[in-house]
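Both complexes below contain chain A, partnered by chain B and then by chain C.
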Partner chain A sequence: MFNSFAHDLSLYGRLILMQIRAQAQYKLNLTLDIFCSFTVTVLEFIAMLLFFIAFPNVLGWNIGEVALLTSIISLCFGLAEMAGAGVENFAETISHGEFDRVLLRPVNVVIQVIGSDFRLRRMGRILQGLLGFGVALYLLPGLQWTIGKFLALALGIASGMLIFIAILFLGATICFWTIEATELINSLYYGARTMLGYPMTIYNRGLQGLFLFVVPVAFGSYLPTCYILGKTLPFDLPQGVVFASPFAACAFALIAGLIWSFGVRHYQSSGS
Partner chain B sequence: MFHFYLAVARTTFRRQVIYRWANLAGLITNIFFGSIFSYVIIALYHVRPLVSGYSVLDTLRYTWLIQSMIMVVTQFSWVELMLTIRTGDVVSDLSKPCDFCWYWFSRELGRALYFLVYRGIPTYIAGALIFGLGIPGSWRSWLAWGLVLPLSVLLGIAYRFLYNIAAFWLIEARSLTTLAGVIPLLFSGSYIPIPLLPLWLRSLINWLPFNGFLNLPVQAVLGKLTGEMLWFESGIQLGWLVILVCLARTLTRAATGRVVVQGG
Partner chain C sequence: MTAMIEVDSLNKTFRIAKRRAGMLGGLRSVVNPEIRTVQAVDDLSLHVDQGEMIGLVGPNGAGKSTTMKMLAGILVPTSGTIRVAGLVPTLQRRQLAAHIGAVFGQRTQLWWDLPLIDSLHLLRHLYRVSQERHRHNLQRLSQLLDLDEFLDTPVRQLSLGQRMRGDLAAALLHDPKLLYLDEPTIGLDVVAKARIREFLLALNAEQGTTVLLTTHDMDDIETLCPRMIIIDHGRKLYDGTVSSIREQFGSERTLMVVLNDAEHAELTYDAKGLPHLHDLPTGVHVVKAEGPRLWLSFKESALLSYELVAWLGARYRLRDVAFQEPEIEDTIRRIYEEGLLLSER
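Up next, the complex of A and B:
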């Protein structure tokens, strides 16, 4: 069991390395792509900051606090987007009949799907997240850092990334039945990113509950941010909950994984 | 010849009608994002009742009108023309006995009309139902909108045409088109309502062609822009339209002079 896991991991490493090498061949193209995606995401970030010229705060959150929240979600999403590109493209894998070949190989299906693509050019959003993080720290000079806060941040970003990839797997599962409904999962994927870029208290309790207990993206960004800024958590959750983010992420990923394997078992090739 | 372009526009309209599920999914996306922005705006307005003459209801209406018109005027990233250049299919369009520019303009006009009917109106109705927006403006302001809208649509088409024909010179222009698609979103009011910006930034944006995409027609509907100011700003945008179309035609001529078709 452990052996096969180690084997899968090394295989994944090789697949990714291959992708990176291939993409690094076209240096000018790659630089241009990273620059463009960086600029696109920075423009979104600037637009968000511009709101704070007319309004001093949004439900008690000032510009620096929202910048911190937004950049953390950018990091979660950017990492997921870079590593999960193969899952994101799954509709194409299915429609080209490529998945039949994947099933024939004596290798873990998930490793093959997730290892089939790795987008270096999505570095742009991660760079924007880092830049935003720097801007937030500049705007929040009084912020005190502790080991606990660092830990909450690191766990949060890793968990957020895992949850976003799990959402992509849910979307990919739909492709076993139809490839026309992919945009619905996009609403959840991009929607969660946009929604959680703002303090969650602006939404009603139903939506807050959705992103905490059903699709727990808030564990990746909102809860750690509240913890770092010393704000109260929604639903009067105790502060210690922020360290449970890996459990929330793994539970969600596990459920997504079960749904995915149900889909794999019910996959019927187009047969042409 | 006019009949030919009319037929082209009608054909693209009818072709677009076929993609029912794609349109429904897109509609849901528009409504979803409109709702997120609305929650943000409602929360922001807790601390201030009025920003440069815009109440929370005005800003919500503004947001939903923008959300309804995005697909009509600009679209997020449009690469249809670029892809024909990359695959070489552009040759068959170039050899059609009509003007290449006007051919694409007619196609896109057909699509714009489609998105107005099947995307724009349903989006606004949804927003009006969820957030109790009602119908803004008066018959006068809707008349002004009707006059400005064709200008906006043509500006959007000319702009998209321009960044697509960059593919004649660049092999992989995809990421550049994404960037080109996002810039107008910032300056036309879809990322942040223009009236919420400080005065110096607004007066700068007024001179950009992107102002004519969405901000100008939406302000016209809301009745926030009337009389001389409306004429003045529409005049600027008409000037931009002339410039962009001339540029599109010149570049097309330059590009088609150097097209080399790979035989096969």
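Up next, the complex of A and C:
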């Protein structure tokens, strides 16, 4: 059991390495792509900051705090976008018949699908997230860092990334039935990213509950941000909940995984 | 001989939701789909011994790849039993995958932008082949397939023939007991085709690998496969040797003649657009006409080919003649149309 997990992990590493080496063949293209996506995401970030010239304080959040929040969601989403590109592309994998090849190999299907792409050019958003994080720290000079806050941040980013990838898997599952409805999950994928770029206090309790207990993206960005900034958590959750983010992420990923394997079984009986 | 593939009364029915036209129709298709069932594989039984080399032929959509997918455990049968290499494919798919190698002529499993050798190394980990065995196999395969000259070339720069050799090596590094080839010579030139065939014969003779190949190229079947299976509409129409099928069904040959222009102008045509050729020998028919080109079908038993050419040459001024061997697709069509089910179980 452990052995096979270790094997899967090292195999994933090798698959990713192949992708990285393949993309490194086109260095100029890669550099330009990273630069462009960096520029676009930085402009979005700046546009959001400009908003705070008119409204220096939105529902108790100031400019530095919001910069921290959006940077963390950029990191979660950027990492997911980079590592989950193979899942995002799944409609193509299906329509080109590549999924049959996946099933023809004696290796875990999920590992092969995630390992089928690793898009370095999405580094742009991650760089923007890091830059934004730096800006936020500059705007929040009084912020005290503790080991607990670092831990909450790291766990949050990893969990957020996992949740976004799990959303992509839900979208990929739809492809077993039809490849014409991929937009359905995109609205959740991009919607969650955009909405969580703002403090959740601006949304009603229903939406807050959705992003906490149904699609728990808030565990990745919003809760750790509140914890770091010493703000109260939504629904008066105790502060310690931020350290439960990996559980929330794993539970969501597990459910997505079950739905996905139901999809694989459907594919194996319908073959389309 | 031990059995490699045992298939008994295999069936596969697909349920296909019919799409209605228009926007409202599209919506209705989702809410209340009109389901149509298609019998892709119909009561198929098959027994293949270890070390056999079998050609699977049939028109597109005949059920060949559906059958292959079920043999590999990718697709679950509607009914019937399958055992491949002693395993039940749908229950032991991953275990079975370690014993199967597959090459799809139209698609490659190699990493497009990287040197061939990188893909061949990665496959060691995908199939968990020991380093020792991998090194040995890689050496043997690169020698047999002459890979050395392009091992370090990115796959995207390989010629189709080289890529196919690379794909064959990739499919064989883990010593599969069963090799499945889907149109392995498609698009290749004569030399490249010959080379692939030679390799497959050697592989089969030396390693005893069971080979199952689908193709539209009759030469593949004739050089490689003592046994061939014809499938159409999901049913097995024929299971036997290639020579006997030629004798029984491929006996009609076609001669194409190109008439001199003046000769062509003098012809009179019937209602179907076919010209009248007077006193044609018995057993010869004009089947098609296109400008100065005529296609005549004839039975070798009634008239030898050179006699027909001589007969035509004596009466018409000809610019060119060419014989066309019956295409396997035509043979299959005839078998199907004439309802000649040969398969006995």
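Note that in this section the second predicted complex is superposed on the first by the 267 of 272 C-alpha atoms of A that agree within 3 Å, B and C clash if a C-alpha of one lies under 4 Å from a C-alpha of the other, contacts with A are read in each partner's own complex, and residues count from 1 in each chain.
What we mean here is this: a contact is a pair of C-beta atoms (placed from the backbone, for glycine too) under 8 Å apart; a residue touches a chain by one contact, two chains touch by 3 or more.
Since the model is a prediction, treat every value here as computed from it, not as a measurement.
J.: Considering only the touch criterion stated at the top, classify A:Asn29 as touching first (chain B), second (chain C), both, or neither.
T.: first
J.: For A:Ala251 in the superposed arrangement: first (chain B), second (chain C), both or neither?
T.: Touch partners of A:Ala251: none, neither chain B nor chain C.
J.: If you stack the two complexes on chain A, which partner ends up touching A:Gln268: first (chain B), second (chain C), both, or neither?
T.: Once the two structures are laid over each other on A, A:Gln268 reaches chain C alone.
J.: May I ask you to name which of chain B and chain C touches more residues of chain A?
T.: B
J.: With both complexes overlaid on chain A, does A:Arg21 touch chain B (first), chain C (second), both or neither?
T.: second
J.: Looking at the overlay, does A:Ser10 come into contact with chain B only (first), chain C only (second), both, or neither?
T.: A:Ser10 sits against chain C, while chain B stays out of touch.
J.: Once the shared chain is lined up, is A:Phe55 touching chain B (first), chain C (second), both, or neither of them?
T.: first
J.: Output check: A:Asp100 vs chain B and chain C. Expected answer is one of first, second, both, neither. What do you get?
T.: Touch status of A:Asp100: second partner only.
J.: Could you please specify the touching residues of chain B with respect to chain A in the complex?
T.: 21-22, 25-26, 28-29, 32-33, 36, 39-40, 42-48, 51-52, 172, 175-176, 178-179, 182-183, 185-186, 191-192, 196-198, 201
J.: Of all residues in chain A, which touch chain C in the complex?
T.: 7, 10-11, 14-15, 18, 21-23, 25-26, 96-98, 100-101, 103-107, 268-272
J.: So in the complex, which bits of chain A are touching chain B?
T.: Against chain B, the touching part of chain A is residues 29, 32-33, 36-37, 39-40, 43-44, 46-48, 50-51, 53-59, 121, 180-181, 183-184, 186-187, 191, 194-195, 198-199, 201-203.
J.: Which part of chain C faces chain A closely enough to touch in the complex?
T.: 14-15, 66, 69, 72-76, 90, 93-95, 97-98, 100, 102, 104, 107, 109, 111-114, 118, 122, 125-128, 154
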